[in-house]
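There are two complexes below, and they share chain A, which is joined by chain B in the first and by chain C in the second.
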Partner chain A sequence: MADIEIDAPETNRLLLGNEAIARGALEAGIGFATAYPGTPSSEIMGSLAPIAKKMGIYAEWSVNEMVAFEAAAAASLANIRSISSMKANGVNVISDFLINLQMTGIGKGLVLVVCDDPGGMASSNEQDTRPIAKWLNIPLLEPSTAQECKDMTKWAFDLSEELGMVCMVRSVIYLSHTRGNVRLDKLPKKKKEAYFADIYDLDNPRQSKFTCGMQFHSYKQSEELLKKFSKASEKCESSPFNCYRGPDKAKLLIITSGICWTYSIEAVKILNLQDKVGILKLGVTWPLPEEFIRKYLERSQKILFVEEIAPFVERSVMEFVANLPPDRSRPALYGKRSGHVRAWGEQSLDLVIQSIASVMGILYQSRQSRSAEYSQKVREISQTLPNRPLTFCPGCPHRASFWAIKNTLQLDGRNGFVTGDIGCTAMGMISPGSFQVRTYYAMGGGVGIASGFGHLGQFGFTQPVIAVCGDSTFFHASIPGLINGIWNQSNFILAILDNDATAMTGFQPHPGTGVKATGELGEKVSIEALCRSLGVNVEVCDPFDIKKTTATLLKIMAGVGGTQVVIMRRECELVRARRDRKKSYQMYVEPNRCIGEACGCNRLCTRIFSCPGLVWDREVGKAKIDDAVCAGCGLCADICPQGAIIREAA
Partner chain B sequence: MKDLTKDPITLIIAGVGGQGNVLMSFLIGSALVSQGYFVSIFDNYGASQRLGAVASHIKISKEVSNNSPLLHEGDADIIVGLEPVELLRNLGRFGNPDVMTITNTRPIYPIGVISGEAEYPDLDRALEIIGKLSAKSWIIHATEEALKLGNPIFANVILLGALIGSCTLPLDKSSMEAVLKEQLPKVFEMNMVALNRGLELVGQ
Partner chain C sequence: MEGKASKELFKDVMDTGLCTLCGGCTDGCPYLVFYNGRIVRLHQCTLSEGQCYQYCPRTYTDLNAISQQVFGVPYEESEIGIVREIFLARSLDAEIQEKGQDGGTVTTLLSVALAEGIIDGVVETKMDDDKIPHGFIARKRKELLACAGVSYEPSPVLEALNRLSKDSTEKVGIVGLPCHVACVSKMKTYPPENRVNIGNMKLVIGLFCGWTLAHGFHQFLQERFDLSQAIKFDIPHHPAHTFDVYTKSDKRSVELDEIKQYINKACTYCLDMTAEFADISVGSGRAMFRGWNTVIVRTKVGTELMEIAKANHALETQPIPIESIENLRHAALNKKKKTLNHIIAKTGDIEDLLYLGLSRHLADKLLGMRN
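On to the complex of A and B.
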């Protein structure tokens, strides 16, 4: 929506935090950008890729985060500024490479952007990635606003280059997905030239170290890293993104970082405590700017830490306070450890108001709760409202796939189950997927765990196991698990629900689509050709042909065993609808054929199949199509035992 | 730039995934930024592409550039509901005796209602409650009006027109027109028809 490549210095644009990060990278003169999609990080590459050609940069959606980061490191080693962005879980995937790269150092500026998801609203977990920066001595920058997303990303490149090490910019969902005013700076016009000299200090070749070959002297690398890190500490002490706002002597000092800084400022204002409470914002949270903090520590007897998710700054400051000379007085520390700040999930303005009020011993009433009658009424109403749980979209092929899987496992009768994976297919664990998914961990985890279940036969295990993954997940991390199963002769079925997109994160392409991030055509990698080359039996079916799909699954399940692959292929309905802009079918329920509760199907269509476009008309006691929601996929016509749901060519 | 009745002014747009919350909040924000205000917008949506509860939190300020992304309890000045139950849900958390509301009347049933596990409130009763819990409220049959224009998607621009016409925000029709032209040039003329229809519906 926003044009991040506009060359209009000093003008104000309304940018998403992620767009501002991308703009910062452009202003820093990047030549290379890589990413794997993952909420809340996807809009960084999402805004860079469409303009990459025009801006003379290389941009790709990579097959997974590890390859993305490795490719970005290559550009850095060859004298090109480079950025790699991912969600928190991506850092787990790159950690091995990152640890080793951090030991040897980099060439031109290399920035790793990580977007955490406090509260895990769009993730399999909630995970604070900041401890990896402390563990590996990586400078860690935490922007607080869209403006800082741009400015700090730009600064991170300078810092990374000066220190000769990766810098990490950490955002969170409430920052990445917030739009704010951003004042633009100039875009550089410098020509970039790539050359790999097998060294990382291009200015002083004689002084340089090899990027590899020193592995026999790892301790020397550690020594070198610590030297670099002490230089990083100096730089971070004077970071322009650390600041203090408040009275000279504060009754309470809040130490905060990232988005929580904005909550803190507003909370103090709402509580009218500007004269009593000071706010210390750390733009760099590792290395800890100790001298900067020391100045303010002395001004208050009470410190409150406000941050997301783990008590990261809180613990670092505690270590620092423990090291203060014995004659210094020590402030009282409040935060997640003391119970004054919620120790899990995301923070919010409400929570920060509560935390400050509890430490200051004051009572706070909101505009709503000041009127007892009003708040009583809204509370009563709120309790009666129906929730909107996760569901497959109208027309989603996964609803059909899980319908077939459920029918197959029921007909088979051996109490089989599904091991699930990340992405839209994970919704197989809830009602629209008929509760079939029983395990759910990490990218590629479904097939790996299935390969283990499939070896338990010698202990009397007879339950059939179906590993389900999406197409993007297959390429990302499922291939080694599949090969492991084939090689070690495990018994399971891998069902690849191929909807031709990385759908959950916004329909990004992947190797199976053959389209590259920039929209140009690349080389298409065929899932079935790849699987067949491994020597495994592969069946391909259309999940909308429920009968055939069920029959295929039953046949395989009753067959020779071993590792088997079924590809259930149908394009994501949202992708199709965006392209075709019309429904495939016009659907309606024939009122004379639908006999309602008298049918005996126990409302199979609306109660079990649960497509949002097919609703139960309470007044008439029959099913009906909600035309504003129905995608016109036609599938429900095949599940009605009375044949009352009719599809007509649209 | 007009003075604000309070700083920041806070607005929530409440809807259901797929209705177009994100675009609508972006259009409002862009128009206000072009008028010189500081704006922050957080579009709160979950993991699924469609049919989850979505709420866009918008703060408009003359002075403060770093407003936090979220409203706090009871702090909405205006709530626009693209869907009635979503308006009620946000009224529950962010409403207060001074809140002003603009409601589309078209329900979208949650999956629990479809399967019979949950109940959707009676629509007339829901609209009556919304009126009672708002200092001022506008009830707009935006989806029905949009269908008259040929596509339910125009409901949002009709509601945008109603929002401008309600004069609850310092939002100018001319700046919205410029943003619609820049962002959605292909459907600009139809959008202007919808925008004017919205203005008419609130008596402007």
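On to the complex of A and C.
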């Protein structure tokens, strides 16, 4: 991690976008930071938590985004600047609280940082969170560079405080995970004191302003919010983060925001169109800085919108253009709606070049595609690259869990299936988990949906249902679904694949680990004690004991029905390996015993079990251990039907 | 042999109701297992040719090739197969008499074979505490005794055979129903690769069989009896008409008519009542000779074992009356005719006898035989 807490104003540091956001928060003088892990946002808390104590900040990994944001709001109400960061999906989780918080307003600066994942490379979906800002009247800032990540985050606190409402900073995966030069400012030294002032007053009893509805009436609060928000428009008009680069009269005006601004600049340069194309960068995309835009609208007859993911600015400008006085000429608008810009996934330099070229009517061929020799070489090389499908890590306990689950469902024979959840366990929906996960939506969705399937008996539904979630996901959002199942007497098994880590996002701790964000020990929350307190039967097993785990699942499945919990517990292999720094076993394949593709095996280990530590030696027709990859967990020795995989003490 | 594997096995055998649940396809590889009265495919096997398909007694079975392999003579029309000797026998071993089903002949023969070192282990059916039959290898007399008695449910006894390592040098014997014996005979005729060395199969004892009770029968029993307390099941011969469940203290019965619905439909495709490819085939002495077994010795191996057993005073024998033999022939032929007619009715073509590798000529002969 970069030393983001360094007190060295006017010096440069190479920071990740996310680290720059954290630095911006430090420069803004935060006292409170919360987050729930989620790619691509995790490094914000990841860089704040280790220095929190030193910097006099409270920092926590919260149980979920809602709690994280609520806790951050509390600090704001008690006069402490606070930040809460999350991935796009987290905003869905906090939306109810956020809507209501907008009604009351806040105390000290409160900044919500959201890192979107265009393309959804590390998410269940690709989701543009910006529309929520428009929906709820939240000022929305979109940094384009690491420097802006810092500067805009810092400014967001001032803006938030001035407007008395939460401000949203929106990054995207490419920006969050790219390093850039950041010129540092000073760190404030002011002492912070927390006090919640709106307390009950004997002489002046009244409803707290941090409450919604009742005597305040929701419509009045709405009116108040709109009034406050109109001030936001003024502020955003004059923001230094909005800028124009280009000729006075442009053949084409690009309106862009975020990381797409950098693509646009480079694309125009590559196309050598600097004197024909102007680029209008919006640092604030909501409220739309209309006056600022109006000035530049007149400079071109054609406007191209370049942004990720949804046509958010495009639609806002479109509304604005529609509102122009009737005598004004209207530019032609190009973007996602017209098909000139790809309407999904990440943008890239190539894509933006293509978009500009198509609007400008230019035929553009990249240097690479112009060279036949180059293209040929690329084709050749790409064929030599190994296929790297997504998979569970070597030694991952989930591979064993899904192996047991698959065997159980096949043996049971009633067409049972798995409802999945977010996290490493989601790999159960693809080949390393034998495609066992048949539904997969949102945090906690697995158990919720299972509780529904489990009530279909009256319609002839007899399929067993296993909801699978990880330990962190269990704490995040699975508990209400479990209680719902117990209370309403649904029929399903909740399998909690407890690997003692929030592994998918980088081993952040959670309540079950008992370790806090800052590394200090906290209170450990026992999953089984919690479940048992709900009156549900809980079995705990080690997924590496595949036989016993399968037998346990079969027994429960054939049993009395109702809602049942199985905890499949084994520490994440990566966590274990980092701590122990050695393999548990030294593995090797006895080639004389391995029958390879022959009947009796047909490459069970490399074809079905598919641990990356096992490789198929095509030349000799045998499996072998890739010692550099093998974690030495020893599980494959139990899978091999010929006893050809040998496990020796390491 | 046909180039087919587990996927086709399910298509051709399980899905068409031909599977006898013998276990011949299970546990020889990690893909197929027997569980709760079903053959289960755990994973996708991509082979185009598999031994699961090859050795299944309900995939193409060349009866002539097997007969040549086991007896050195062609397969011919007959009711009860090749007979060297046929007689009645019963155990002289008090411990076995107590536990055995009828005369205890099978357990006694196996016990002798183990004691004499003819075999090192017996591939057997063993019922677990809930009386679910599994394949098991008995290597000691004590283990053998624990396997005594009949389960009327299909037993995947061959799973235990398939579990034996290909490198094992252990000499084994097997006790099985005609379908088990057919599977083993196919293995003898076309020795398997990467699984049990079938050359080590030194003794095959077949049991007479009309049908087994499957597909829900176990649940039927579970709902009516505390199976953990059951020590013996029996269907006594005519004129009795019951299925009896013995506990240490009493005997309870259900009417045979009540359980007939559970007869495995696959058994109606079976041509073989007396395990015609075994070394020795054993059935009950029927009503006339309760407490005795009907024994057919078919091979030299069978004769030799029988001689030793008699010499050791482990067994006593008596001649079987001609009319008893005629009754047996009558019943066996009846089954063959019924089966052939059933199959022909299904395929609509006497040339297409499903899995049966039987010439048109022989099929006609069997159908034309007088009862």
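Throughout what follows, the second predicted complex is superposed on the first by the 619 of 650 C-alpha atoms of A that agree within 3 Å, B and C clash if a C-alpha of one lies under 4 Å from a C-alpha of the other, contacts with A are read in each partner's own complex, and residues count from 1 in each chain.
As a working rule, a contact is a pair of C-beta atoms (placed from the backbone, for glycine too) under 8 Å apart; a residue touches a chain by one contact, two chains touch by 3 or more.
From a predicted model like this one, the values you see are computed outputs, not experimental measurements.
Once both complexes are superposed on chain A, the partners chain B and chain C fit side by side without clashing. Contact with chain B, but none with chain C, is seen for A:Leu574 once the two complexes are overlaid on the shared chain.
Vertex at chain A: the C-alpha centres of chain B and chain C lie 90° apart in angle, rounded to steps of 10.
When the shared chain is aligned, chain C comes close enough to touch A:Ile595, but chain B does not.
Residue contacts after overlaying the shared chain place A:Asn407 against chain C, while chain B stays out of touching range.
In the superposition on chain A, A:Pro50 makes contact with neither chain B nor chain C. Contacts of A:Pro641 after superposition on the shared chain: chain C is touched, whereas chain B is not.
Touching more residues of chain A than its counterpart among chain B and chain C is B. Fitting both structures onto chain A leaves chain B and chain C with a minimum C-alpha separation of 11 Å. The residues of chain A shared by its contacts with chain B and with chain C are 607-608. Interface residues of chain B facing chain A in the complex, by the touch rule stated above, are 16, 18, 23, 25-26, 29-30, 33, 38-43, 46-53, 65-75, 85, 88-89, 91-98, 106, 108-116, 118-121, 129, 132-133, 143, 152, 183. Looking at the complex, you find that chain A touches chain C at residues 406-407, 410-411, 413, 434, 595, 597-602, 604, 607-608, 639, 641-643.
Listing the residues of chain C that touch chain A in their complex gives 5, 28-31, 33, 35-36, 38, 40-47, 49-52, 165, 193-195.
Interface of chain A with chain B (complex): residues 1, 12-14, 39, 121-123, 144-147, 174-175, 177-181, 259, 261-263, 265-266, 270, 348-350, 353, 366-371, 374-375, 377-379, 381-382, 384-394, 424, 427, 431-432, 503-504, 574, 603, 606-608, 610-612, 614-616, 626, 628-629.
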